[in-house]
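Labels run A, B, C and D following the written order; every chain starts at residue 1.
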Amino acid sequence: MSALVAAGGVPGLWTLADGQKLQAPDIEYGKLSPTLIVLGAAAVGVVLEAFLPRRSRHVAQVFLALLGLAAAFAAVVGLAASGAGSTKAQIAGMGALAVDGPALFLQGTILLVGIVGVITFAERRLEPRAHGAPVDSFAAQPASVPGGEGEQMAVKAGWTTSEVFPLLLFAVGGMLLFPAANDLLLLFIALEVFSLPLYLLCALARRRRLLSQEAAVKYFLLGAFSSAFLLFGTALLYGYAGTVSYSGIARVVSGADATTDPVLAQTTGNDALLLIGGALVVMGLLFKVGAVPFHMWTPDVYQGAPTPVTGFMAAATKVAAFGALLRLLYVVLPGLRWDWRPVMWGVAILTMLAGAVVAITQTDIKRLLAYSSIAHAGFLLVGTIATSKDGISSVLFYLGAYSFVTLGAFSVVTLVRDAGGEATHLSKWAGLGRRSPLLAGVFAVFLLAFAGIPLTSGFAGKFAVFKAAAEGGAGALVVVGVIASAIAAFFYLRVIVLMFFSEPRADGPSVAVPSVLTSSAIAVGVVVTIVLGVAPQYFLELAGHAGVFVR
Amino acid sequence: MESLIGVLVGAPLLGAAVLLCGGKALDRAGHWLGTLLAAASFVVGAVLFFGMLGRAGDDRAMHSHLWSWIPVDGFRADVAFQLDQLSMTFVLLITGVGTLIHVYSIGYMEHDERRRRFFGYLNLFLAAMLLLVLADNFLLLYVGWEGVGLASYLLIGFWQHKPSAATAAKKAFLVNRVGDAGLAIAIFLMFTTFGSFAFAPVLANAGDASEGKLTAIGLMLLLAACGKSAQVPLQSWLGDAMEGPTPVSALIHAATMVTAGVYLITRSGAIFNGAPDAQLAVVVVGAVTLLFGAIVGCAKDDIKKALAGSTMSQIGYMILAAGLGPVGYAFAIMHLVTHGFFKAGLFLGAGSVMHGMNDEVDMRRYGGLRKYMPVTFVTFGLGYLAIIGFPGLSGFFSKDQIIEAAFGKGGTQGWILGGVALLGAAITAYYMTRVMIMTFFGEERWRTERTPSPDRPDVEPAASVRGEHAEPHPHESPGVMTIPMIVLAIGSVAAGAVFKLGDSFVNWLEPVTQFEHGHPPVSATVVTTATIVALVIGVGAAWLQYGRRPVPAVAPRGNLLTRAARRDLLQDDFNHAVLVTGGTHLTRSLVYTDNKVVDGAVNGTAAAFGGLSGRLRRVQNGFARTYAVSMFGGAAVLIAATLLMRAV
Amino acid sequence: MSFPLLTVTAALPAVGAVATAAVPAARRTAAKWSALLFSLATLVLAAVVLARFDPDGGRYQLTESHAWIADFGVRYELGVDGIGAVMIALTALLIPFVVAAGWHDADPGEERPSSRWRPTQGFFALILAVEAMVIVSFAATDVFLFYIFFEAMLIPMYFLIGGFGDRAHAAGEDEGAKQRSYAAVKFLLYNLAGGLIMLAAVVGLYAVTADQLGTGTFSLQQIAEARSSGELTMATTTERLLFLGFFVAFAIKAPLWPVHTWLPNAMGEATAPVAVLITAVVDKVGTFAMLRFCLGLFPGASDWATPVVIALALVSILYGALLAVGQRDIKRLVAYASISHFGFIILGIFAMTSQGQGGATLYMVFHGISTAALMLVAGFLISRRGSRLIADFGGVQKVAPVLAGTFLVGGLATLSLPGLAPFVSEFLVLVGTFSRYPVAGIVATAGIILAALYVLLLYQRTMTGPVKRPEIEKMPDLRARELAVAVPLVALLVVLGLFPKPLTEIVNPAVEHTMSDVKKTDPKPQRPVAEHGWFDYKPARHSGGEHE
Amino acid sequence: MSPANYVYLAALLFTIGAAGVLLRRNAIVVFMCVELMLNAANLTLIAFSRMHGNLDGQIMAFFVMVVAAAEVVVGLAIIVMLYRSRHSASVDDANLMKL
């Protein structure tokens, strides 16, 4: 956009000068291919939804989604292999998008998470068959009133909400853009593009639909509220710098451009614009990562949303939002480091401690995992604050490690069921280890990874961020992080104790036998958790190479 | 020749290992094996003795280095033996008396189903005791020191089914441990002072060390000696130790183990010689104990406990002598050896009496036994005469020398010590006469008094639980028991004279312990006369009290001193009130502290976090608008904080 | 590239763990034999390690070094000094006994088949897993590698404590399960908290090395070289903070007063073999690490902390012993006794004398063996009676003399009776402490009196006296399997008590290295017996029977 | 008139919107208040666009309008669904999940 204006040159001139032609925007389709593929697949999915008969939609949508995501992932790998992540990193899409190491790394992670997400969405063996038709975790007809006639008819007809797959693809598309966004406008758009489908997905649970709807409403209202803040912050930053491009703002902040432009000299003289604007944008992102005190939606939404959605959302949103946060802090606001660092210190400390402490008394496994995700957001913030290359790569690594543990853990949650659907109340998990040692063992692995026990990916990630923070001079933050870890260990252990050392309840849940889909999702989680724990070097290097933002 | 030293220890150790680890198959021959190995040790000791006699006085010490035990940088402890005249004396005493008591035990323990184990323990004791006296360094001595403590523990508690025996064994070990700690600290001090704790370097260089160091070492050694030799203030275990079978009392708690303290002090003479304060402490302990033991011995009705008091008292004499320095070392050891004979004999005699009396130990239920057990009576009588210092018998020579040496200390100290020793001699005569009269003379009180049920004498403690009266049938013990008594009686009679002849004993020990002649303020004849007078007074008093009047079967209440003496002069009560009760309260309150305070802090932290969590949790009240408020407030704080950061 | 002996030694039990876990559910006995055979094979390898270790060789031997996580400056570096070698040997030695003693501990209870979840395979697999991790910890010469296994071993231990508790519980089955999981959680949280504090220090160490050397490193050798060449200097405060981070973790693991309260719970609730695993094997990693890491990495700070550490060690010695006296539960008593003993070990380490540190190392080994003997026999006793309360026993000696005898030997070893192995180490610790800190030495010596008190009280109350209860009347003596456990341990106690030289030879050079790490020399005797040459005495190696 | 005044107005609108979100119960009204906040942002963008004399702000405003429309579509769908289930559009009634 600034390119357009630059061509004009005269303020207030709304028409093109004589002899000038409207330049076609120069789009590097190759570099943008991952996003384009996913969004394209999503659009095709919408079309399929319209034209395919109900019975065949599920298979087609799953196939399409997997194909799209896999193709996009292949494109990311191709880009990375061609050096787009390191030596040939560049700003693409006329300044709107960065194609660089962090972007590609995060996009790759999001796509993998998306693939696993699709797999868990597609699981149809867990729910009892409805009138002979296999059904998934999503409502037969979301629009119908819970318990009403419409719902009964839809169930009888064996309908399912196959729209979830295009919705997921759209969300993934937005998430791919989010960490790559190189101007504030695209940041906002990407935020909305991935948020809106998520709001909808939250509302689509087959069981406990009132909870699901409540989650959607809360998520939606609060999400919209936060995006308004983000947008207003964007406007203020624009007011300060006269541009929304990251590099442009960064230049203005560092004072490179201020001398030439009198208007700019006036606005840049007002630091309040910059500081308030920056704070509001950061706040919008902190909402998405679930940092205290913008975290309160997390437990409710995680609990109410259909569990596969929760897993996907918990993993992918965090990856995308931290990517955007990193880029914002490192590319746009490095000049303000001394302003935002102390504030982020406070947020990180609050997030770690509050997440860990409140989790202690949770009684619902999904809420517990939600608070755990808040605490982990705090640990990630510790790495973010390091303001070093190591800080970036440690956060990247942590995100990769964390997202697969999360996906795996929520997949396990989908398997523990009783007559009312998933048995998420912790008391029902008592003695699970004795009934189903394998599943409980797998879940214990995930919990240990969350707790950061060595030889799991959680430990490698935690060590990486703490190391980066210590090198960045945030030793005190490391100490707080350690304390929070100790508190957090307590509630992870509580679950393990409950599973292994308690007597099973007579009315306890049964463990559903999943199809190959969920099994493979869980297996991927376990393998990644252990591989990243035992031999993390390759992935650390990958994240290390990806640790430079293009400016 | 040197290699034989190892055999001295090895033979009984082998016996212990075989007897304790061997199965029931050994039950029938075990006691013979044990006795044989003890005798073998004695024979080897005798061979070594004669070998030693064949050499000049200064060249008699032999060394045998077996292996390097604990080699650590700057620290050296070896398993190595040193056999000199002092050790040799002990070796002969230990193996000789030990063998006799093995023989005696064959008869005494005949009906005990665990006889094999008893002999195993006895062999273990012999091995440990020999190790103690043969070690060439203090650390190895310490091994023997605690080893005999262990053997003592096992043997006192041999009849473990009796709670009193188990308690007595534990008490003996614990009190000894206090002394052991003293020995350990003495070794530490030697190590820090000399860089070594082997006899040769330490004793040879003791003169170089400061007097303060030597005094500290000396006092710690004295503490050790007090524990092992039942000297005040660590004497309380010895009376209780009589719970053990009587041969054990004879061997361990009369003849050998309890004299280890005397050995320790004599062996460390070079250290004490440089520390007059420590020596003073030694003589004070000796003097106090010799009176203490004697007084206690007067009041006990239990024959073994009366003898135990006597042992304490006699060792007090030895400690007193050892504390006098080179003047007294040789006399201490001499009295130790003669005491070994007559006290072992007395105990064996007591055992023989008990054997014939359904294990009754209360002298008030004896009386007139001389008719029924003549051999026992004669041997016991000879031992009695020896201990009271009847002229010509062994005790006379050895005790007389000590009293003389005590006077020779000189000055007020000399008068006090000599006076105490003399007084002790009188009391000794008194209580021994009392024992003699109550047991062998007077009415046959056992005919009317109740005694324990004879069917299970081992189960029901004789003195505490009374069954229906069953008249005992006093009888003489079998030959296997009487022969050792006879041998010991001969020793009791003759040893003193033999040792005294030409000062042969003093000369024998002189290369090791040095010897100086004391200078008593009065002539030796006066001292001897005084001793004999004291003896006559003591015997006379006892005869007046017990010989002329019938002995009441139930002890009269007695005066304050008697009552206190019956309770070991209240020292046990003091221990109980302060250490046992206090300790119990201490441990109980510590257990409480650990649970409530130390652990409570941990659990409290956990609970605090739980409470905090429960409180914070309520903020999440389910209302979307509250969440929005939180976000709005958060944004405001974020902005404010950012602006503030810029402002400062 | 030489044969990776240490890796194989550590990997063998790990493989055994997997193999044992994979044994089909119905073949319980096969799982037991698998575990036993793997543990015995590991013992053979450990013996090879000990044999291959050359006391005159370099500081770390049998070294292996491979790149691992370059980004964290972490290498897979193994190597043993004398101390590590004997600790590995101890671990490998005790595990077969633990396995054999726990033969029936994980059998499903016949009486309530449904309520008991005791998969035998899991029990033995977890034991082998712990063994593997402990061996790596002892062999690691990379701080991070050590840390990882130091922490990771908590997990199998946690399941061993919480999942396979003692069936004999006074308060009944349900209350027992509750207490058990409390104990397991307490164990884990306590140690995890310590471990996390250490994590902060590990991170700090990385930051320091990265700051000064350019690249962060955790290699002990590299750090030592950098220190000696002056490339790496730590600010005093930094060093002290890092030291504290490490020390707290090790003090919890060891455990040192006042962070000891997890041990009585854990040892009380776990089965006897697992209790042995805790106190004789796993806890030793804590004291071992103090010696290797606290002293090796932060000599200045160690020196600074010495007065406090010694004071805490003394408190541990007396406090542990007094509490042991006051216990009513056999296993808790042994636990408090162990706390007292760990006080001795830490005292010896921080006395900073050759005798103290050599003694502390031997103490670790001998305490392992003696506690194993006492605790395993106690376990046999407890399983016979179905109760852990001392008051429920009495007169056992009468009906089961062999059991009582081995129990007594174990107890005597616990009270450090001369002639048994622990005496050697305890005496060295005391003499080493006394030579630098006489008052501390004397106070600690009081501990040996209390040790006699709690051991003999225990023996008296359980073994002696009349047989009053019918359960005891019928009590069988040790069976063949139990004898096979008890007898070798007792024999070892005796043999090592009389002939500890093979161990001291291996340990001595390592102690010299540690002493030079902390730049300490032994205090000189005031009046050295110079003409005897004893005071500069260095024991000759590989030769016996020398005597001037 | 200085463009700064537009910014002040926008800030006021934004605050009004935020206050509405915090104070109103009806989900629709809450949502409309969010829309008001978005429009306040739009106004700010346009004002600054004018001030800086470049078009970025105005273009952004268009994008924001489109996004807001999309948000309305999703938001109303969700709110209507909630209303149909509960017969109430009060955000305070939806508090099954808490603590």
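Rule of thumb we're sticking to: a residue touches a chain if its C-beta (ideal position, glycine included) is under 8 Å from a C-beta of that chain, and two chains touch if they have at least 3 such contacts.
Given the structure is predicted, the values throughout are model-derived calculations rather than measurements.
Q: Any chains in contact with both chain A and chain D?
A: Intersection of chain A and chain D contact lists gives B.
Q: Taking the mean of each chain's Cα atoms, which chain ends up nearest the overall Cα mean?
A: Ranked by how close its C-alpha centre lies to the overall one, first comes C.
Q: Please work out the Cα centroid separation of chain A and chain B, and write it as a whole number of Å.
A: 80
Q: Determine the centre-to-centre distance between chain A and chain C, using the mean Cα coordinates as centres, and give it in whole Å.
A: So the centre of chain A lies 46 Å away from the centre of chain C.
Q: Report the inter-chain centroid distance for chain C and chain D in whole angstrom, where each centroid is the mean of the CA atoms.
A: 65
Q: Determine the centre-to-centre distance between chain B and chain C, using the mean Cα coordinates as centres, and give it in whole Å.
A: From the centre of chain B to the centre of chain C is 36 Å.
Q: Touching two or more other chains, which residues of chain B qualify?
A: 606, 617, 620, 622, 624, 628 - these are the residues of chain B that touch more than one other chain.
Q: Quick check: what residues of chain C touch more than one other chain, meaning two or more?
A: Where chain C meets two or more other chains at a single residue, that happens at 189.
Q: For chain A, which residues are shared contacts with two or more other chains?
A: 217-218, 221, 225, 229, 299-300, 490
Q: Identify every two-chain combination in which the chains touch.
A: Every touching chain pair, ordered by label, is A-B, A-C, A-D, B-C, B-D.
Q: Which part of chain D faces chain A closely enough to touch in the complex?
A: Within the complex, chain D contacts chain A at residues 7, 10, 14, 17-18, 21, 27, 30-31, 34, 37-38, 40-42, 44-45, 47-49, 51-57, 59-60, 63-64, 67, 70-71, 74-75, 77-79, 81-82, 84-86, 91, 94-98.
Q: Under the stated contact criterion, what part of chain D meets chain B in this complex?
A: Listed in rising order, the residues of chain D that touch chain B are 18, 21-23, 25, 30, 91-92, 94-99.
Q: Mind pulling up the chain B residues that touch chain D in the complex?
A: 617-618, 620-625, 628-629, 632
Q: Within their complex, state which residues of chain C touch chain B.
A: Contacts found on chain C: 186, 189-190, 257-258, 260-261, 319, 322-323, 325-327, 353-355, 358-359, 395, 397-398, 401, 405, 412, 417-419, 423-424, 427-428, 430-431, 434-435, 438, 441-442, 445-446, 448-449, 452-453, 456-457, 459-460, 463-467, 498-501, 504-505, 508, 511-512, 522-529, 532, 534-540, 544-547.
Q: For chain B, which residues are in contact with chain A within the complex?
A: Going by the criterion above, the answer is residues 606, 609-610, 612-614, 616-617, 619-620, 622, 624, 626-628, 630-631, 633-635, 637-639, 641-643, 645-646.
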